[in-house]
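Per-chain residue numbering starts at 1, and chain names A, B, C and D are given in the order in which the chains are listed.
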Amino acid sequence: MIEVAVFGAGRIGRIHAENVSSNPQARLRYVVDEDPEVAKNVAEALGAEAVDEEVALGDSSVGAVVVASSTPSHVPLIMGAARAGKAIFCEKPIDLDLGRVDEALDVVERTQVPFMVGFNRRFDPSFAKVKADLAAGAVGRVELVSITSRDPRPPDADYLARSGGLFRDMMIHDLDMARWLLGEEPVAVSATASALVSPEASQLGDVDTAVVVLKAASGAIAHISNSRRAVYGYDQRIEVLGAHGMVEAGNWRQTTVRRWSEDGVAEDRPPYFFLERYREAYVRELSHFFAALSDDETPLLVGPHDGRQALALAEAALLALATGRTVDVREFERRR
Amino acid sequence: MIEVAVFGAGRIGRIHAENVSSNPQARLRYVVDEDPEVAKNVAEALGAEAVDEEVALGDSSVGAVVVASSTPSHVPLIMGAARAGKAIFCEKPIDLDLGRVDEALDVVERTQVPFMVGFNRRFDPSFAKVKADLAAGAVGRVELVSITSRDPRPPDADYLARSGGLFRDMMIHDLDMARWLLGEEPVAVSATASALVSPEASQLGDVDTAVVVLKAASGAIAHISNSRRAVYGYDQRIEVLGAHGMVEAGNWRQTTVRRWSEDGVAEDRPPYFFLERYREAYVRELSHFFAALSDDETPLLVGPHDGRQALALAEAALLALATGRTVDVREFERRR
Amino acid sequence: MIEVAVFGAGRIGRIHAENVSSNPQARLRYVVDEDPEVAKNVAEALGAEAVDEEVALGDSSVGAVVVASSTPSHVPLIMGAARAGKAIFCEKPIDLDLGRVDEALDVVERTQVPFMVGFNRRFDPSFAKVKADLAAGAVGRVELVSITSRDPRPPDADYLARSGGLFRDMMIHDLDMARWLLGEEPVAVSATASALVSPEASQLGDVDTAVVVLKAASGAIAHISNSRRAVYGYDQRIEVLGAHGMVEAGNWRQTTVRRWSEDGVAEDRPPYFFLERYREAYVRELSHFFAALSDDETPLLVGPHDGRQALALAEAALLALATGRTVDVREFERRR
Amino acid sequence: MIEVAVFGAGRIGRIHAENVSSNPQARLRYVVDEDPEVAKNVAEALGAEAVDEEVALGDSSVGAVVVASSTPSHVPLIMGAARAGKAIFCEKPIDLDLGRVDEALDVVERTQVPFMVGFNRRFDPSFAKVKADLAAGAVGRVELVSITSRDPRPPDADYLARSGGLFRDMMIHDLDMARWLLGEEPVAVSATASALVSPEASQLGDVDTAVVVLKAASGAIAHISNSRRAVYGYDQRIEVLGAHGMVEAGNWRQTTVRRWSEDGVAEDRPPYFFLERYREAYVRELSHFFAALSDDETPLLVGPHDGRQALALAEAALLALATGRTVDVREFERRR
């Protein structure tokens, strides 16, 4: 049984705390939040204790931490937890600055603590099945990956201001998916984007509608299509074309109901947003984390490099957007 | 907070115990099972106490019981719980004998305890949406109801021997759905059936493949198609045709994955069986039960009459099958 | 090249005339209609000649006739054509009276002319593929056949008065499908029906909503669900359950367009009615007819017995409806 | 009735000849082909005459020509037909060289003959419905257009050598669709491509897998995903996201059959290739052409500019691919 401290008791922290609490391999020991009242509420509901960071990291019985606090707090928490020898599960993004990410991961590497980034989509049952199919050779060599990812509505101005922009905040998930589905590193990135749906994004110099195209060394191509607004609900789809066919995973609907009338056939909407769509993925990513910690044979599937690389691609895409040029990713890394 | 005792700690009892345990309006107090070891395991995992029937029914702090033990024990438990003034949630069927059902419900009526039958399908989100659509007039007057209900594989001989046969054990759910979707009582029943897939059923004189047709006083018709074996998984579909169109609810799939190849397009199977398909329905039926107990304004949606009437239709269908005649349900009731 | 005379130049006759005209193995020679003007219009548009019955049947170069005139004219035309040695393609039903059908088919048998009934659904590409799948063992032994067949709107009073009623006019197609998909003769028939949607049908003592259940000697069951009104369009679906799974064929839609909005997902309607849905089937049934005539190796797939047997089942179903009893089909035949 | 000469009696010319022949507003008068035997076969089967170019263009009774011969012959035929005052329907591409296209269209403009390019997809019933929905405001302002277009298998080396390459030969359709669905001209183009599936394409310096991204002045973005090989069949899909939702049109299947088994659910493949998928579109594009010629009120929906502009975008995309830069389309035009 792994004793766990969860940092952050906001919307996503609470979900992680609940999933730790109901995980048979883990025990929720501490909840930490900058607002002690919030920490206390979550802790009490789940039979845990609300403490401050020092207590949580200082307790040697704590084997793992879940970092789900605000993005700027991630790096210091990672460094502190790594130095305290705790296994770390960190919500994406590790940080909005690639330099700081590298510093934090340096400490992780030196301390050799297990480290996993919360790229939840890899644990979505449908997306995971696509990946398993690819691994089993279902489409042969991968040639073309298509990722559609659209939020139901743009976030508010506050969130946008702290988000790091669409590429680092939203597309980072899709960039990770692209790497994962391609099965190799992208070597070239191009980007096209507009501010069409969110005046707040526009005012911040951010975009809300974007297409990014990635090319891998093998010649395989991935394209990502993002929008901050799909009024019909959270639109999350992937498809992978290869030599022997295509595998795709699409949207769920809220129910299986269909209404046939003179106007045609009406079906239900997709689940509203990420909390609904990825509910199962949130459970499974922590199950995987604790299973890997409990069993030396099970490797962690999403390591520090994955968290870093998705951000590097976001940076490269931003450069491509700014210059109107296809960015050579290796050149981009060399120049940093 | 309603204190609850769960009777029966087998497969379905355990699910109810867990759902009581995580329900914010209820508190799981006692688990009772004829095997004390089984009761203890379930109770301990959920922070409850394993006791015997007398203790559970004798504790005046217990406000409600969940009856999920073996079918023959339902009637005595219902009577005992009713006399002890507990609200009762009872798994289907109340009993396999209509006379005994009537006796038990007599006690329920005299003691005026809230009583609900576990017709879980009414709480399936898709089926519930169909019913809500009908109530909202989506198809106008109901004319034709079609219910398809197939198990993935036949039960074993032991289960079959105690089941009461396909009509009382399996179709009873569909007969309840037919009443619910028709929105009125069937007045005529005809039946056709065969033993095609289960030698054990055949040996017991039971059937495993059946079609029953019901007609209501308005002339609306419902037909139910049952099989004990659909190798592709639990097949649970309804459709309702009316003056303004049709509303249907179909099967979920295990994932949204599709594989396109030279051979065509391959999709995933439906969820395996009732525990997977109706997981959410099991949660919702107890939520409804506790919500109704907690709030005088909320009526119980599935009452004693519903549990009794589905069994009466099963009996009428058996008579129709035996005689090759359409059975007049009111005549059938008069003659009992 | 087979020279062909088409009898009847109404809606369905015109379609057959066009299909004969564009069939590479046939040549449309004559069009015959009780209204010479109508015959002339169709004939001229297709490069054929409008003549009367005597001319058409008297011309020894005519090898085949297509009987698509009004139902009462079928039997005399069949007898005349058979005696003239012509191959006969006859629209369903052969006649509304089983005795007259038997008389006509007697002549066909004695004259040994090839005879095919226009059960167009057998030539629908999707339904034909289901049958081919069954023949290839896709589901193993057939256990349960489900046929849904609904017209978009009830016919007018005139049509209804001459139709022979829902069982002989509309369900006859489904009864043929049931025999074809079961792969054996039904031995028992039960029926439930109502007049719910068409006051005209009701006034004529006819029904417009019906469920018929058929059982074969093997125990396999088929059920047919009919309505004269499905406001969303012509609803034509079949499914066949067997030991190894299910094969089904559903409705087409008018386009593949889907609209995703805040209200959900809207898709297109099915094709409006039989002329749209079975357009390809009309072409294919005549192709099959002419191919079989042109090649001694190719047997006619829908023979006189099929036309007769579907009507016999309609009669048996009517008896079942009138008596509220399951009708033993062999007993029914013996008593005629 | 418009008298028509069809140039080219190969695969696509034959289809046009048949569609002219069965069009009620047109009469197929002449078939012209460089192989007189081929011309004769097609002409005879359709009741037309096989003649040479001079006769066809010299006959003043001919009102319209259909140019479906080899691409290099298009420009001289267009010029000849325009000077002879014939209305022109020209298969895509007008020519592989933008300069020659401009010369040909100059003559068309000066002679004022009606001119239409065979962008058949605009006449696909599903795609046309998407466009109609957009025009009716179904999604509000267009923000993001996604076009997936994949052939079942790469063409042979001969075809590839004469094709002008993937961008001019295959993507030209999608570039036209992008302009049409965006409802405005793209102003920026970027391109990513690889040779992954066709060694022959690779040897010719051509690509077979490509993603092109277009941006319009409003900021709306379109992306096109092409592959020369989708072993599951011709994959033709579009989707348009806007302020109020999304409209999409997907693939048909060859039948509606579904097989449910222990392995999951198997559906049919899409239609094999363009002749099957766009059969109806070929009929409708000529219907539109003849309807517009017959009626001064009906404007031609696909004019000379459309044919030219799709090629210009293909050229711009090739430049983008060669330079790794986003190409400014107006700048590109100025520099030519």
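Criterion: contacts are C-beta pairs under 8 Å (C-beta built on N, C-alpha and C of every residue); 3 or more make two chains touch, one makes a residue touch a chain.
Fair warning: this is a prediction, and the values are worked out from it, not measured in the lab.
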Check C-D against B-D and say which one is joined by more contacting C-beta pairs.
C-D
Need the most distant chain from subunit B, centre defined as the mean of C-alpha atoms.
D
Interchain centroid distance [CA atoms averaged], subunit C/subunit D, Å
41
Calculate how many whole Å lie between the centre of subunit B and the centre of subunit D, each centre taken as the average of the chain's C-alpha atoms.
58
Subunit C: positions in contact with at least two other chains:
230-232, 235, 244-246, 260-262, 268
For a test of understanding, state which residues of subunit A touch subunit C in their complex under the given definition.
230-233, 235, 253, 260-269
Residues of subunit D touching subunit C in the complex:
125-126, 129-130, 133, 138-139, 244-252, 254-262, 268
What residues on subunit B touch subunit C, complex-wise?
141, 143-144, 146, 148, 150, 188, 190, 192-197, 209-211, 213, 215, 218-221, 223, 225, 227, 229-232, 235, 241, 243-246, 324-326
